[in-house]
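This is the structure I have questions about; it appears just below.
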Amino acid sequence: MEYKVKVHWGDTDAAGIVFYPNFYKWMDEATHEFFSAIGHPTDTLFKANVALPLIETHCDFKRPVLYNVELIVQSEIVLLKEKVFKLSHQFYCEGQLVAEGYEVRAWASTADGHAKAVYIPDQVKNKLLLKGSGK
Amino acid sequence: MEYKVKVHWGDTDAAGIVFYPNFYKWMDEATHEFFSAIGHPTDTLFKANVALPLIETHCDFKRPVLYNVELIVQSEIVLLKEKVFKLSHQFYCEGQLVAEGYEVRAWASTADGHAKAVYIPDQVKNKLLLKGSGK
Amino acid sequence: MEYKVKVHWGDTDAAGIVFYPNFYKWMDEATHEFFSAIGHPTDTLFKANVALPLIETHCDFKRPVLYNVELIVQSEIVLLKEKVFKLSHQFYCEGQLVAEGYEVRAWASTADGHAKAVYIPDQVKNKLLLKGSGK
Amino acid sequence: MEYKVKVHWGDTDAAGIVFYPNFYKWMDEATHEFFSAIGHPTDTLFKANVALPLIETHCDFKRPVLYNVELIVQSEIVLLKEKVFKLSHQFYCEGQLVAEGYEVRAWASTADGHAKAVYIPDQVKNKLLLKGSGK
């Protein structure tokens, strides 16, 4: 899946390049857009007591990114386990890879008031594999 | 009430000065600290179905602020009505007024699933007046 | 001018509605997009030692906004003086006005190392009036 | 080194827990405080054409964190190479480890207009080892 981000004036730091936590904000946005794209928007999931808590996140930074440019985030499912999945996110700016990271998240039930990892429904798994492996 | 804020590297924009929405973030923080200081922390209020939704906010910017400095935010109740209150926030950096703003908020019940302005309890009103008018 | 914003998961606060400083972030984005639209992107201006420092900002909040919705920001020049301009920003969600604010900014030279208000060039003024008053 | 962070209302997401990119914001803050603590505040470094660009960052999330709590970030130098260093950051809330991450950064000269990794001065290296390995 592809998600487009415009880098804005306020996204930069005192050096005039993207403040790095924003790459994680954009990964999070890409993940939510991903679930919308497969027909399971996270606000609907959340009302049904399903959350996607983070287990681990990572990012490698290749090149500094200025503001007023557009980034293309390519997101892919790279690991799919029973209760856990891993999404890779690659950031491109004018055709060049500028950063790449990943998020490992659980599929969790919040029915008991706290998030507890549960089995990802087969229907969701199939959609993750179908939409998630291509681009 | 006084609230201290350290300005960080990521709080600035490409011009190397504070990105202005952060002043509002700090006003919000100061308000929450204010309610903690009068014995009504907002997480406790929230569990009791009370929220403090914004009606109006404003800020005048006097001087640019760099990072790695400390700001002192002085917050005061400047208007207290039956369901609504106004907090002014003045930002000082090394003794100089660098920005001043305000927030108008309602005291609201979320018991019905949405925020609805209700009467501020007298006990809270008294504390707001007592703590809020001095510094 | 119209600028579209998707409200994301991380843009909300613990009450599940937009954390209000984000409205100011979006106003700032809309202003930068506005200057791109009239042919004076702010990164080009910045390289030519022109900045647009804030003098005053304001926002009225009409309705709470949830995440996973799209906002349309309508921005208009409502005051144009020799060195200063005022942009109003109205936020619509599904046709309803949810917030409206404004920014007062100076046209400033940074040639001497600090921002100093200077005359807005006539060419820019004309474009601001032309593009800025319609929608 | 220890750095204290108060978690605020706006730091959370719609689930009422910390929005995860904030952990990276706090790591960045901890790193800047770290350099202040060893006598090389990053604003002074920046004026001397030294920046600390990110190569890689990572975080493992152990427990959800609510707002209105204080986090203690313990930061340590865990790798020190000729031009590159790695800082680990552990987040504690009420004595419990809630997240742990790291940042790999270069010591870079910006004298030529872009950041280029250069040798870390011995004097800085010694301070990093001295202050950085203890707590």
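Here the chain labels run A, B, C and D in written order, and each chain numbers its own residues starting at 1.
Everything below uses one rule, namely that a residue touches a chain if its C-beta (ideal position, glycine included) is under 8 Å from a C-beta of that chain, and two chains touch if they have at least 3 such contacts.
Bear in mind that the values here come from a model prediction, so they are computed numbers and not experimental data.
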Of the other chains, whose C-alpha centre is the longest way from the centre of chain D?
C
Hey, which pair has more contacts between C-betas, B-D or A-D?
A-D
Distance between chain centroids, defined by C-alpha means - chain C, chain D (Å):
32
Round to the nearest whole Å and give the separation of the Cα centres of chain B and chain D.
28
Inter-centroid spacing, chain D versus chain A (mean Cα positions, whole Å)
23
Multi-chain contacts only, two chains or more: what residues does chain A have there?
9-10, 14, 19, 21, 25, 28, 43, 67
Seen from chain C, its contact residues with chain D in the complex are 9-10, 12-14, 16, 19, 21, 67
With touch defined as at the start, can you tell me which chain A residues reach chain D in the complex?
14-15, 19-22, 24-25, 28, 43, 46, 51, 53-61, 64, 110, 114-115
Going by the contact rule set out above, which residues of chain D touch chain B in the complex?
6, 8-10, 25, 28-29, 32, 36, 41-43, 66-68
